[in-house]
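Chain nomenclature is as follows: A, B, C and D, assigned in order of appearance, with residue numbering initiated at 1 for each chain independently.
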Amino acid sequence: MFTDELLKATGNIWSGYLKQDFVKELGNGALAEEKFRFYMVQDYLYLLQYAKVFALGVVKANDEETMRYFASMVHETLDDEMNIHKTYMARLGITPEELTTTKTAFANQSYTSYMLDVSQRGDILDVLVAVLSCAWSYEMIGAELAKIPNSKEHPFYGEWIVGYTSEGYVNSVVGLKEKVNALVEEVSPARKDALTEMFVNCCKFEREFWNMSYTMDMGE
Amino acid sequence: MFTDELLKATGNIWSGYLKQDFVKELGNGALAEEKFRFYMVQDYLYLLQYAKVFALGVVKANDEETMRYFASMVHETLDDEMNIHKTYMARLGITPEELTTTKTAFANQSYTSYMLDVSQRGDILDVLVAVLSCAWSYEMIGAELAKIPNSKEHPFYGEWIVGYTSEGYVNSVVGLKEKVNALVEEVSPARKDALTEMFVNCCKFEREFWNMSYTMDMGE
Amino acid sequence: MFTDELLKATGNIWSGYLKQDFVKELGNGALAEEKFRFYMVQDYLYLLQYAKVFALGVVKANDEETMRYFASMVHETLDDEMNIHKTYMARLGITPEELTTTKTAFANQSYTSYMLDVSQRGDILDVLVAVLSCAWSYEMIGAELAKIPNSKEHPFYGEWIVGYTSEGYVNSVVGLKEKVNALVEEVSPARKDALTEMFVNCCKFEREFWNMSYTMDMGE
Amino acid sequence: MFTDELLKATGNIWSGYLKQDFVKELGNGALAEEKFRFYMVQDYLYLLQYAKVFALGVVKANDEETMRYFASMVHETLDDEMNIHKTYMARLGITPEELTTTKTAFANQSYTSYMLDVSQRGDILDVLVAVLSCAWSYEMIGAELAKIPNSKEHPFYGEWIVGYTSEGYVNSVVGLKEKVNALVEEVSPARKDALTEMFVNCCKFEREFWNMSYTMDMGE
């Protein structure tokens, strides 16, 4: 499977996520609330851009089914996934005004611009691989953190783990990987290398996103 | 209102729609079914591309509200508006296979490529003005045809008129015009001229689309 | 060769160019000067957009050599090919003001928007195939018209034929075809079909461009 | 002048360039050759993408003069500016093979993707502001380093300083700023804010590029 090759190409980056402070403390419940608050706001801004990448999938799709798939992912991102955020925001006292006035942190901006750049210049496979790293790593992290006893019952962070281990979320990642593996069969080895490099870059951006969240670094 | 100026700039094109054979015969019920069938299939292919233009609105939007607006228009196009088509398709015996194997007629292709070109190269106002001509002219045509006694009760074409005079459809066009008028206040006269020229071009494409449908011209 | 298949797919469109009034009369010298004047101005506006398609080649290129190729084609279009136009413009009394104030005819606009749309949405092969139809058909038409006795010595239209049969021009078309044939080897049959459909569409736009020029039709 | 406001908005980032180790040691000649070598290769890869941003200027231009301006900047980047690099490459023994096989460092990739993203999604002003930070900061750095006694005569780094203080280079930056200031007069305050934020982001990417070069950090 091409998606297996993608993981291999990330080297230690993929397994390293679980050792990053933010992820570890999210799992054991030790994460400072202000760090999570910072993350929530930035992730909200991230998801708006992430939805744009899915919208580019609608634009680049070559058939109706793929168009509808991406249209549903735009909807899923803006409505379902962002609902998890909205619950937390209510709890954390994050107002809509705060969301519109908070600047996008530098590492966050770099990540979403990268996905938007490759998706605008590229084709439907570029779009799919660009969004894969975020979707898949969250599923993996959710599954790993869920193994920690009582992590899903944590009064504050449990809901995050529950959300990213939900059947709906997991299935959507499975669907994404299937699409990648199906479409990649038609492309040349050089094209596969380029897609792999793109996946690795996205995985680095994920790593930096966790770092940014833990250090609450706006990149000023 | 800028949208009033847009209409003026179209000269006779706008009022001419009502004199085009396809539109006239749709209103008085004299339209040959094969012409309507041709139109339905091509309009289905058109709407898929039209949804891509709305998806570009998601990409080009500068705020969450505008993103959500365009995301809802993608949904409305792919689901609500295409539902009218699906009812007719069932009646006309148009199968999903026919839709995927029918080629896009030349005039149809020219129109959607124009909208996609200006929307890709341009900003959110380009996207809005690109989609306006189709949406608004259908509302106008619907309203005019509805004035013809019993037109909405026509066993075959009545449903088309009912669909494009529905409250939901009319409101969506009102919303579109409001967005154009609001955003255009910030732009220069030269930019307004360029937008006007684009609107006029789209109106010409609409005219050619009706011609193409009446003559069932694939443009081979 | 894939480029041979492209020609076959155009059916009669390709051979039909030589029977179009504008082309015939350009060859036998009977073309009314006002028609040629109309064509010259519109072709000037066309070439500006054509150069944009080549610029998209720079953006979509995956290696330095291809980038440099497209950068040189931007230069060739804006400088070398437009020089032929500038000589005629001086003779025909077409001022720079006239060029900036003349509107792009509808058929002309449709053609260039199509090329820009597919090139923005697509990859480097889309760009190459989008520009191929114009470049190659001019080479073919030039070569055919050059066979007419004394056509190259015609006091007015000879220069056009000389320009499009020049070694530089012919070589640049050969280079373009080689690039298409080399890159197409890596793509799937479905992709080839899509490229072929695009080439056929461009050939139709070429046909309409000649029609538009002969009838001096702005498409109002 | 809007460009003055842009500088102010960068806070300490702009003046901070002169305090970055790479820049300081480039000026006083103490820079380790291996760091400069790393920089040269990455900057070469950068310039290829930078030329793509200029090519997007050709695509987004609304008039012939602006098209020609950007076409000349593509040429200037690929030919003139890269010639400085080629001289150094010969001296440093950097082969064409090394250039094609060296990966783009993460910070480098992030920067060029950002410029390409905003330029693809935006208009001609976005393109101009995206390229401004690099062009202008090099001119400023060149001018400041040139004040250091004998810096232009340094056997290795002198040529770099000479290149970026050359009349041709300085004039091209002046031209760029003039274009920005002229076009920005027509836009709204909200648009100016967005452009300012983009400029600040690019300045941060410049800062990270110098850091990356000094630490020879591939971002693995």
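In this section, a contact is a pair of C-beta atoms (placed from the backbone, for glycine too) under 8 Å apart; a residue touches a chain by one contact, two chains touch by 3 or more.
Values in this document were obtained by computation on a predicted structure and should not be read as measured data.
Within the contact network of the assembly, the step distance from chain A to chain C comes to 1. Ranking all chains by how far their C-alpha centres lie from the centre of chain C, first place goes to A. Simply put, of C-D and B-D, more C-beta pairs touch at C-D.
Interface chain A/chain D: over half of the residue numbers present appear on both copies, so the contact uses mostly the same residues. With centres taken as mean Cα positions, chain D sits 31 Å from chain A.
One inter-chain figure worth recording: chain C and chain D are separated by 36 Å, centre to centre, where each centre is the mean of the chain's CA atoms. If you average the Cα atoms of chain B and of chain D, the two centres end up 44 Å apart.
Annotation for chain B: residues 59, 116, 120-121 touch two or more other chains. Viewed as a contact network, the protein chains are fully connected, with every chain touching every other.
For chain A in complex with chain C, the residues that touch the partner chain are 59-60, 62, 121-123, 186-188, 190-191, 194.
Remark: chain B residues 48, 51-52, 55-56, 58-59, 61, 63-64, 67-68, 70-71, 74-75, 78, 99-100, 116, 120 touch chain A in the complex.
Every residue of chain C that touches chain B in the complex is listed here, in rising order: 11, 103, 106, 109-110, 113-114, 116-118, 120-121, 197, 201, 204-205, 219-220.
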